[in-house]
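Heads up, the next two complexes both have chain A, just with different partners, chain B and then chain C.
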Partner chain A sequence: MSTHEGPQVSGEVTRPAGGELVTGDGEGQLPDRFPNPGLPPHRPRLADTDPAAERRVVRQVALLFGISALGTIGMVVAYFAVPPGETIGSMRLSNLLLGLGLFLAMFGFGAAAIHWAKTVMSDVEHVEQRHPQRSDPQTRSDAVAVLSEGTADSGIGRRGVLKGALVGALALVPLTIAVPLVGEVGGDWNVGKFRNTLWARGKRLTKDPSGEPIRAADVTIGSVFHVIPEGLRDSEHWIEEKAKAVVLMVRLDPSDLTEAPNRRDWSYEGIVAYSKICTHVGCPVALYEQQTHHLLCPCHQSTFDVADGAKVLFGPASRPLPQLPITVDDEGYLIAQDDFAEPIGPSYWERLK
Partner chain B sequence: MKAIVDRRHHRLAPVVLLLAALLTMGALYAAFSPTPAGAAVATQTDIDAGRALFTANCATCHGPRAEGRDEVPSLIGVGAAAVDFQVSTGRMPMQASGPQAMAKPPALDAEQTRQLAAYVASLAPGPQIPSAEQVNPALGDAANGMALFRTNCAMCHGAVGSGGALTSGKYAPALGQSTPTEIYEAMLTGPQAMPVFNDANLTPDDKRDVIAFLEAQKAGSPGGTDLGAVGPVSEGLWVWVVGMGLLIASAVWIGAKSS
Partner chain C sequence: MSRPSTQTAASGTADYLDQRTGVGLAVKAFARKVFPDHWSFMLGEIALYSFVVLLITGVFLTLFFVPSMGLTTYEGPMASMNGVEMSEAFASTLHLSFEVTGGLLMRQIHHWAALLFIAAIVTHMMRVFFTGAFRKPREVNWVVGFTLMILGIAAGFSGYSLPDDVLSGNGLRITDGVVKSIPIIGSYLSYFIFGGEFPGEAIIPRLYVVHILLVPALILALIGLHLFFVVLHKHTHYGLPGRTERNVVGYPFFPIYVAKAGGFFFMVFGVLALMGATMTINPVWNYGPYDPSPVAAGAQPDWYMLFLEGALRLMPGQGTEWVIAGFTISLNVLIPALVLPGILFTLLALYPFIEAYVTGDKREHHIADRPRNAPVRTAFGVAVLTAFVVLVLAGSNDILATHFALSINDITNVFRALLIVSPFVAFWVTKRICLGLQRKDRELVLHGHETGRIVRFASGEYIEVHRPLDEYERWVRVAHEPRRPLPLLPAEDERGVRRKGYRRDAFRARLSRFFYEDRVEPVTPAELAEAQAHAGHDAAALERHDDGARGLPEGDGSPRQIGEGPDVDAERVDARER
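Up next is the complex of A and B:
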């Protein structure tokens, strides 16, 4: 048998006599084949040779199992004896004792098992030879004969209708899993809902969470109000509506305010209102710094300048926060002039259609 | 008496003596210390003393008549509450100009702070120092306070008031060490980067509810250590360093041959 013949079919190991390297044709060439170096000599552990060491590791394993048992008992005792109670302190004590007992029970058991296997159980190496996977020729030809007989019996080769019906039905079966799976991803495919919010002409600006309307005179310079539309709680799916409609409103000294010509009447005496939903990925932008008029998004540090149309000063947001046009009604309460002029929040494919 | 004489040379005697001395001093200080600012009505004497303190400590930056200049706010109309907050927490007088005026041991004592507040309040009407009843957490509703805190404060100060970073080196301080009066004054006056929450926005009852919520957080977390309650940074550090370190150590131990 040559060494070039490829994979070994039988279980025997080819091993040149004397364990020398079978070298190639010339000097400095790699050998065609490396010999199997075999297993290194077995090195007995301390516990294999020294009875005192063996007794010691057995004691250690028993101790670890003992710790595990104590942990289990301790956890059960703590479960009954130390109820969480009503105060933070008693809850913390209960959690601590339960967790500690569970840790000792699980970790003690695992550590004992590993320590046992490593130190006391036999670690003498065993070699098992691999067997050939291929069946003998007789079994193979028998199997092929049985399959051919089955195919001929079913008549699938002769009856084309049955073949087509089988393949067609089989191809449709995955739909029973795939359709509900894909259909429920995201729950709702109507992205057009982002185009409109609850804000509408004449809708009052109210305080979040109380829903009290806000007078323009109450918004003093340097104030920040977190605003929701009037009647939010009465709307269907009010949490989703709130997530779209939240607004941050501040009053600046009108001399600090830079306004685009087409937006001059969107503010009221220095009071400006912007959508609180970041145009990057939709986090609530609400970290308002009164002195710098900067509005910071806590997720990715996009920074907007409230004094200048909420333009992006820093960060990954690509466009300013949408502005809510506001004015006051006859009673002095702040109202919206209209909905936002553009969809709020992050970009999506149909946004500008 | 003999027993005391016998124990005079006991090695714990100095410790006992020191404790006794400290307790005596503490009791005396509590009995004789001046009453907190705002308790007394400001007199013309207070205002005059406050003006002298203002000239010595504040006028360099805020101007001789508290009119302010570029980058330095005018103090006309900020009221006694702003002065009490800034001076009693040591934020003012500022140590050095920088992104944030940090809290530090106060430079003026309680009486001087009261006089200074009286002077600044005399310049123009402004927010007053709240009464003890207005800031009593026991009278507040912590559950309503939580709803208000979550909407108005948590984005900067964190969900349980442990503070957080702002832009350009500024930060929202942790509120665990702040007194109810300081918290009330901060909401009322909007110190530094913090916006104002006037009484129309958060009513005095709302403010007391927020204080009650913050007081309730001092009991800590029922789950044990909260790792500073600053969110994913400290928790992630713990998981990556301690948690994964333990897992790697266990894997190395399991894989190592026993000697």
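Up next is the complex of A and C:
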């Protein structure tokens, strides 16, 4: 490895002017850098020297253009002759033929043009000079002069009050667009809606999407129910409500269940219901493993333990899934005791306020 | 039409235009403008052409797509969807895919073109980065290109969500969750985007405007600016013989690049058409319309979002949600989704300025580096890419788990470790490889090609004959300037007074040492002369041997060749083209 010590300060180093030879310090010494040998001699292509080869490449280019034309015709024919029809097979065929026609039309044309450029057009390299990007000193000083002339004409330098008034008024102008926009763009801006869902005391748990109420006796051990509150579709904003209210309900053997003391009456004979919305970023947590009682979010693999308060076992979620307190009504149907005790879904700044 | 009348018509049109626009000046200046030729300069072209394909196919799609979340019940040829309640957006996507002839093709070409667009932007950026083509005067154009990449991702993401299917709907829900995690304004930002609570009825029309108007208009304007700068600066070229900082060597725009670049557009379109014809992409009819309850397992976003998805998956959740004074801060979302990409993208955008600061180099650079000649830059780029690849793989950890029957928890833990460790390993390995390649270049310049000819002297000594490089192949290996650390002036001046700004200089010198302390400098003419003088002994001995051998009874007058080397001419051509 070389161990030259030498300052390499900008602009002061001997500029290898265009890579040309930089001469050394003394006479008779070798230069510090090699000289640029210049462009290598041009080598003619076969088609440049052999007329037969040239005729051949011209034929090839013409053939490629011909393929392109055939592709275009083929696509138009396919359009009329092979409509997508009613079956998957006919749709696929239509798509395939149209696409192949388009491919030949485009690719053939492109290949012809490039082949032409590479084999027939001159391949002698041209050299153009570059110029420094900055304008020359005269132009610069002229530009400054023009600007100061304009500034003087405008009077802005002398009258400070104009400058202030201009900047002040201009800064206010965007409000004319921003105020109505910001006012309207967020709907009613009532972010407090995150707190509540449709669940309320006595509301029946129903199957998603049929809306059929669920009898506790019909829930066998190990089975999973995707649940929505009854009457969901009658609510005005049902899709937003559904996005918050979906619940996953599982029946476990009560002996497998670990329950916090203050939540002992939130389950019913081993049936537990948890919000289906992941506390990480809000995907529906839908993969239930019967053997382990683990609930896995397919988006980011947060794993919750349904048998133990849906606490987080693995993955990026921080909090357990909120539990829906449930019981049964007089007819034996599962009902909610109340809404969730905390906001469901991903965390946000004022969540606990 | 006969020849003279064609010419008359052409010159008449030209005259008409020139009298009204003075276009002659522009034609004279630009028609034969010289552009250098290299395969790596085509990557940006691919991005440009896929964008044009996106515009063409996109216009087709807008004529049939209905950007509405209003509900409708599907009736059509897709039997599995008959009677299903869905948004107009989803229904019209099915309609344009199955009932509009060619609609499915346009939709699939559009989606493939979007993936290619961003892939081409990213690889083009890699080319510019690794060859140092972002250096003065091109820093501003780097920033323009960086912005184009961000806009490309925005265009891709907004378009991906438009069909309103389960997959993209859950993608939007993730977006909503990420937005909500932003301190103080999160909830309001979510309302700002969705026009109320998620999902609302506004997001598809809003994304539509973003996707077909705002973002494409910005992209188009910035592409114009990007290309304007390319013309203004003239393209960089590699340090081949005859290329200098003061010239540009290549072929004229007309006719070479009209044919080559124009033809290349058609080729890119052709390949995308082939992909659209034969490779199904985003079959939303298999996923179904958006509903907040169902979700698909094994779902993957488009490739350019995978790194974010991977970051979200890797971040451990335990103990990363903090409550401070009653306010919730979800670091488990903020760090992977906003802080990490924020740092990554800021570094990327600012890199030209960082390197300019470290080198203190204020000259213009028009010769693109060979990546090996900037080891720390190359190593840094590879380190960042390595982290990116780890995140992309982590974004597919469920697919890896199911395909290779591995534990998802183990994969995640391994990726967590790799994300931290692998960039450092990649940095070190890449830097050593670069230095090794530079040494190989020196070796080759100093000692020439091994010819494989082994010669035995009368004394019994064996040597291998080396063939020196000709000046053209040598130039490729010695053209670059040696880069050295900035010297640090002492802390005190000659009168022992503490110098102002010393600490800043010291910091800069430290950075500069990090970049350039380990280095291999190109061979100088003096070093070559010395090496040749040394090798000369062997050559002289060879000659003496030649002379002396004549009298020997068993000799045939020439040194005995024991091995036959590879075809060195082929190697030489290869070296020249690099």
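The rule is short, and it goes like this: the second predicted complex is superposed on the first by the 255 of 353 C-alpha atoms of A that agree within 3 Å, B and C clash if a C-alpha of one lies under 4 Å from a C-alpha of the other, contacts with A are read in each partner's own complex, and residues count from 1 in each chain.
In the analysis below, contacts are C-beta pairs under 8 Å (C-beta built on N, C-alpha and C of every residue); 3 or more make two chains touch, one makes a residue touch a chain.
Note that the coordinates shown come from a computational prediction; the quantities given were computed from them, not determined experimentally.
> Give one of first, second, both or neither to describe whether A:Ile67 is in contact with chain B, with chain C, with both, or with none.
neither
> For A:Thr292, select first, second, both or neither according to whether it touches chain B, chain C, the two together, or no partner.
First partner only.
> Looking at the overlay, what does A:Val58 touch: chain B (first), chain C (second), both, or neither?
After superposing on A, A:Val58 lies clear of both chain B and chain C.
> Mind working out whether A:Met91 is in touch with chain B, chain C, both or neither, as first, second, both or neither?
In the superposed model, A:Met91 contacts both chain B and chain C.
> Thinking of the overlay built on chain A, is A:Ala200 touched by chain B (first), by chain C (second), by both, or by neither?
neither
> Just checking: does A:Val191 make contact with chain B only, chain C only, both, or neither of them? Give me first, second, both or neither.
Only chain C is touched by A:Val191; chain B is not.
> With both structures placed on chain A, which of the two partners, chain B or chain C, ends up touching more residues of chain A?
Of chain B and chain C, the partner in contact with more residues of chain A is C.
> Contacts for A:Val250 in the overlay, against chain B (first) and chain C (second): which applies, first, second, both or neither?
Only chain B; A:Val250 stays clear of chain C.
> Which partner does A:Pro209 reach: the first (chain B), the second (chain C), both, or neither?
A:Pro209 contacts both chain B and chain C.
> In the superposed view, which residues of chain A touch chain B and also chain C?
Touching chain B and chain C on chain A: residues 84, 87, 91, 95-96, 99, 114, 118, 123, 208-209, 226, 284, 286-287, 298, 301, 303, 314.
> Which of the residues in chain A end up touching chain C in this complex?
Residues 1-2, 4-11, 15-20, 29-34, 36-40, 68, 79, 83-87, 91, 94-96, 98-100, 102-114, 116-118, 121-123, 125-130, 132-133, 182, 185-189, 191, 193-194, 208-209, 226, 228, 237, 239-240, 242-244, 246, 276, 278, 280-284, 286-287, 298-303, 312, 314-319, 345-353 of chain A touch chain C in their complex.
> Residues of chain A touching chain B in their complex?
Against chain B, chain A makes touches at 45-47, 84, 87-89, 91-92, 95-96, 99, 114, 118-119, 123, 207-209, 214-215, 218-226, 250, 284, 286-292, 294, 296, 298, 301, 303, 314.
> Would you pull the chain B residues touching chain A in the complex into a rising list?
Chain B reaches chain A through residues 147-148, 151-152, 155-156, 164, 166-168, 170, 172, 190, 192-198, 200-201, 219-224, 253-254, 257-259.
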